[in-house]
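Order of writing sets the labels: A, B, C and D. Residues in every chain begin at 1.
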Amino acid sequence: MADLRVNIGGLEFKNPVTTASGTFGNGEEFEDFFDLDLLGGMFVKGMTLEPREGNDYPRMAETASGMLNAVGLQNKGVDHFIKEIYPRIKHFDTHIIPNINGSTVEDYIEVAEKLNEIETIPAIELNISCPNVKAGGMLFGTSCPSAIAVTEAVRKAYDKVLIVKLSPNVTDIAEIAKGVEGAGADSVSLINTLLGMAVDAEKRKSVLSTVTGGLSGPAVKPVALRMVWQVYNAVKIPVFGIGGIMNATDAVEFMLAGAAAVQVGTANFIDPQIPVKIIKGIENYLERHHFDSVSELTGAMEI
Amino acid sequence: MADLRVNIGGLEFKNPVTTASGTFGNGEEFEDFFDLDLLGGMFVKGMTLEPREGNDYPRMAETASGMLNAVGLQNKGVDHFIKEIYPRIKHFDTHIIPNINGSTVEDYIEVAEKLNEIETIPAIELNISCPNVKAGGMLFGTSCPSAIAVTEAVRKAYDKVLIVKLSPNVTDIAEIAKGVEGAGADSVSLINTLLGMAVDAEKRKSVLSTVTGGLSGPAVKPVALRMVWQVYNAVKIPVFGIGGIMNATDAVEFMLAGAAAVQVGTANFIDPQIPVKIIKGIENYLERHHFDSVSELTGAMEI
Amino acid sequence: MSKIIADHVVVEVRYPVNDSFIITLRSPVDIPDILPGNFAEIQIENTTGVFLRRPFSILDVDYESRMISFFIKIIGKGTKKLGEAKRGDKVSLIYPLGNSFSLPEPGKKVLIVGGGSGIAPFVLLGRNLKSNNNDVTFLIGGKSKKDVLVSSLFSGFGKVLTTTEDGSAGEKGFVTGHSLFKSGNIHFDKIYSCGPEPMMKAIGKIANRNGIDCEVSLENMMACGFGACLCCVTETIEGNKRVCKEGPVFNVNYLKWRI
Amino acid sequence: MSKIIADHVVVEVRYPVNDSFIITLRSPVDIPDILPGNFAEIQIENTTGVFLRRPFSILDVDYESRMISFFIKIIGKGTKKLGEAKRGDKVSLIYPLGNSFSLPEPGKKVLIVGGGSGIAPFVLLGRNLKSNNNDVTFLIGGKSKKDVLVSSLFSGFGKVLTTTEDGSAGEKGFVTGHSLFKSGNIHFDKIYSCGPEPMMKAIGKIANRNGIDCEVSLENMMACGFGACLCCVTETIEGNKRVCKEGPVFNVNYLKWRI
């Protein structure tokens, strides 16, 4: 059987299949469906320094082969995560990686510092690409200097593996990836959602309470693949590929385009057992194509 | 019956439904399917100063609710258009609008000057957003200063209605729209295709000969609607809404989000009679919702 | 609570009225306990424009023969396609999801008010209330006669009253205008309601005015249905809560409804 | 040429072999003249992953009863779904598209070489050649016996030879290794070929070596099928040409094939 392990900034993942932040809750909802120990890793719901109520309902619109969401980082704050949630989920034998968010650089630093104290949390994902909040969020990820600034600041406050999640709503994602690499990121993950919108023609109203929201699902896969490929060719740090992964073939495509590992997002809503099916499908692919290790797939695409 | 006429920079269109450049050939292929006189307008295949062979095959990949193309502006040059093609199609009682492209500002100017001489051509579309050519193309449309520079230059060379087609592959499309408005554009059209990519997992190869290509179809509609809305709120000139319009409801959504008129693209491949169906569907919508004129729809979306 | 995610086999699709159907499916495994108000997320494959699963209240269940059924109104692409399912087709279901209606003490008098597809949870609720020795009155509203035809589903569990907007069956008007409420003295200990939001709000108002405990079942837009996405929230006195997880059944006074 | 775009009614779907089917549909209007090599763009609705129409060569047509048929090999999602069509289903077709094979002078001797689903255009071609008084030999290749079963479709129009890779029918090997070619003196005035590109190239090479005129029918990826998108091009000595419009039939020497 092929070796499924991948290494991200010195941290070993038992396999390259992880779940994307905001699409997997804190994992608990999925215990009804499969053994979470099977996962390569779990990126838990985005958290902030203070609790947030998120945006008003409606927060969701279905689109062609995708969906828009405008959840807006509803969460009870990092302290609640550390005191209430983490103790309940830390027994899972998989990397639990918090996704951190802030309105200011100071917010990010404080959240990172608190998480730095939790010995068993081996990594954080710095979300500078949330399109659904008014202050901060995507703004950090759409300008190179601010992406660098927040990465540098968090880098100083955080000792372990730092993954920076990039926004696709930019002219040149490779440039920003290079920026955060220089600022000390151990890895980048992409893509977060594409900024989109839905209109209800009959009601002549925007569907989402926030007008715009984040597009995810298979609709965005071609854009995500392109960005992963561009970033892979621009940086040396490993890339998490994200965007519309619905099955093992999609996951393999991302790895061939340059991803060292993948995150499965929206697909969890349609088939909560999909991460396990993807792990098995990758194993099967490696066997059929005679690979010894999954890491051989990374960037192995011919042009 | 409601008034379907719309006005773009002083030019009256008999209805707001036009066909998008590169998806309608020079119109002739569609004569087999419907009476082209019914169209509000027809944006013909992108042309350049010199003939171009376009990119190598494969140029197309199907994606979830969309497609990627990498045609790369295959065309026989503006002179061929003026001498051979235009005389064959000018009898259609609809606005025939060339889509012009170049590798340098000088290219654009020369093409525009030549078309300026054709009295019965009332407008041109300046394509600064083609993702499928190596030089020029999208590069003009992804930086504000160069978008302004090429628009200003063509504005000087062209007396009639100047529509500038914007690239969605940017951080801030509203800023670029404002720039080209200031540079003298009479209208902006958006979106051109999103830069994407497809991978063949079994062959471990990129599907397109050019690796990346332009994504179109319903998959991109949420992004296109968002950009139309952003641009509508940023400029005073009328906006052509483009991106994944498959039926009259989609067209109405674009108008509610701020479009004064729409362009139908990829849908033509699946149903070559779709423009007429959309015109009828809009009429029907206006009647059901008691509008006197289609232009009342523009920007009429409640938040 | 253990959850099922599995392909079920369509046993029957029948149309009691034109625009609504009852679909019955057989589970490949034993069905866990289903409580009134629980729902399922049904995957409707190969349907242009349908990407996510669709939530539907569980109408009835037969544990012995492993049958589960739904009462579904055709309102868009997904429900239309599902209504075309043929015997033997496979359909993926996830259930049981959500919380459930709480039962009152035995002997208490309850009123159940439903409209449209909102009546689905009331078969299980009616049966449970009957076993609990409650005195149950159903009040079912619709546009016209055909919309309240399905009220026969409840006749085994209590008294059934109807209203129709066009007066073609039962009293003419909306449920909230039923003479039951006009009398001024409404002798119920508990009211349950499911249906269009304006109806539930009006019923909630009547309940509040009369000091009666009232539970409603919400139908928010859902992406997952099992608590993972936070898309389906509703405002409550304790902040935003997930309708799919903390709901769909809420006490009206827990909701931040301006009624 | 006037084109049809219309919903056709499925009359029959039958499977002569496991992985390929013949689908027959009735047109709502009179069918225009169909030439051998013409194809149709078929819309396969409600199939996840299928967005564009799919091109298929026209197998046969009955003008009187307005029937049109296709021979389709299941290779992916669209062809699988189409193969599940039931009598009475409606399917949208656009046709006739593309150019066609050119007929030689009456009396000339022709060879038709096909493999896989590439045999579809050869029923119409065979019939036309027969009316044109040509002496026709068919050479059909496949992996094994079942793949060349369909060669019976051609028996009315000329001699039929087969090859199979496993030797289970006809000569063992590829079509290009058939003894027909080994004799050294191949007495044909024209060769037609349709099938996998490597096969067509090999046949083209043989034709060239023997100074025989050779036409092939290409199967490029198409977005529209009627000349609008420029996606389906192939390199020719006159530059990029649209396979759907200037093709799908090309003379091998017109193509820039390195053979």
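Everything that follows uses one rule, which is that contacts are C-beta pairs under 8 Å (C-beta built on N, C-alpha and C of every residue); 3 or more make two chains touch, one makes a residue touch a chain.
Keep in mind the model is a prediction, meaning the values are calculated, not measured.
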Shared chain contacts [chain A and chain B, defined touch]: none
Contact distance in steps, from chain B to chain D: 1
Remotest chain, chain A as reference, centres from CA atoms: D
Distance between chain centroids, defined by C-alpha means - chain B, chain C (Å): 47
Rounded Å distance, chain A centre to chain C centre (Cα mean): 36
Averaged-CA centre spacing for the pair chain D and chain C, given as whole angstrom: 55
Shared-contact residues (touching 2 or more other chains) in chain A: 61, 63-66, 217
Interface hub residues of chain C, defined as touching at least two other chains: none
Topology of the chain contact graph, where touching chains are joined (line, ring, star, complete, other): ring
Chain pairs in mutual contact under the definition given at the outset: A-B, A-C, B-D, C-D
Contacting residues of chain D [partner chain B, same complex]: 1-3, 5, 43, 49-53, 92, 94, 220-235, 239-240, 245
Residue numbers on chain D that touch chain C, as the complex places them: 45-48, 81
Complex contacts: residues of chain B adjacent to chain A: 61, 63-66, 68, 142-143, 169-172, 194-199, 201, 203-206, 211-212, 215, 217-223, 225-226, 229, 244, 249, 252-253, 256-257, 285, 289, 300-303
Chain B residues touching chain D - in the complex, by the definition given at the top: 22-25, 29-30, 32-33, 45, 53-54, 56-67, 69, 71, 74, 217, 266, 268-273
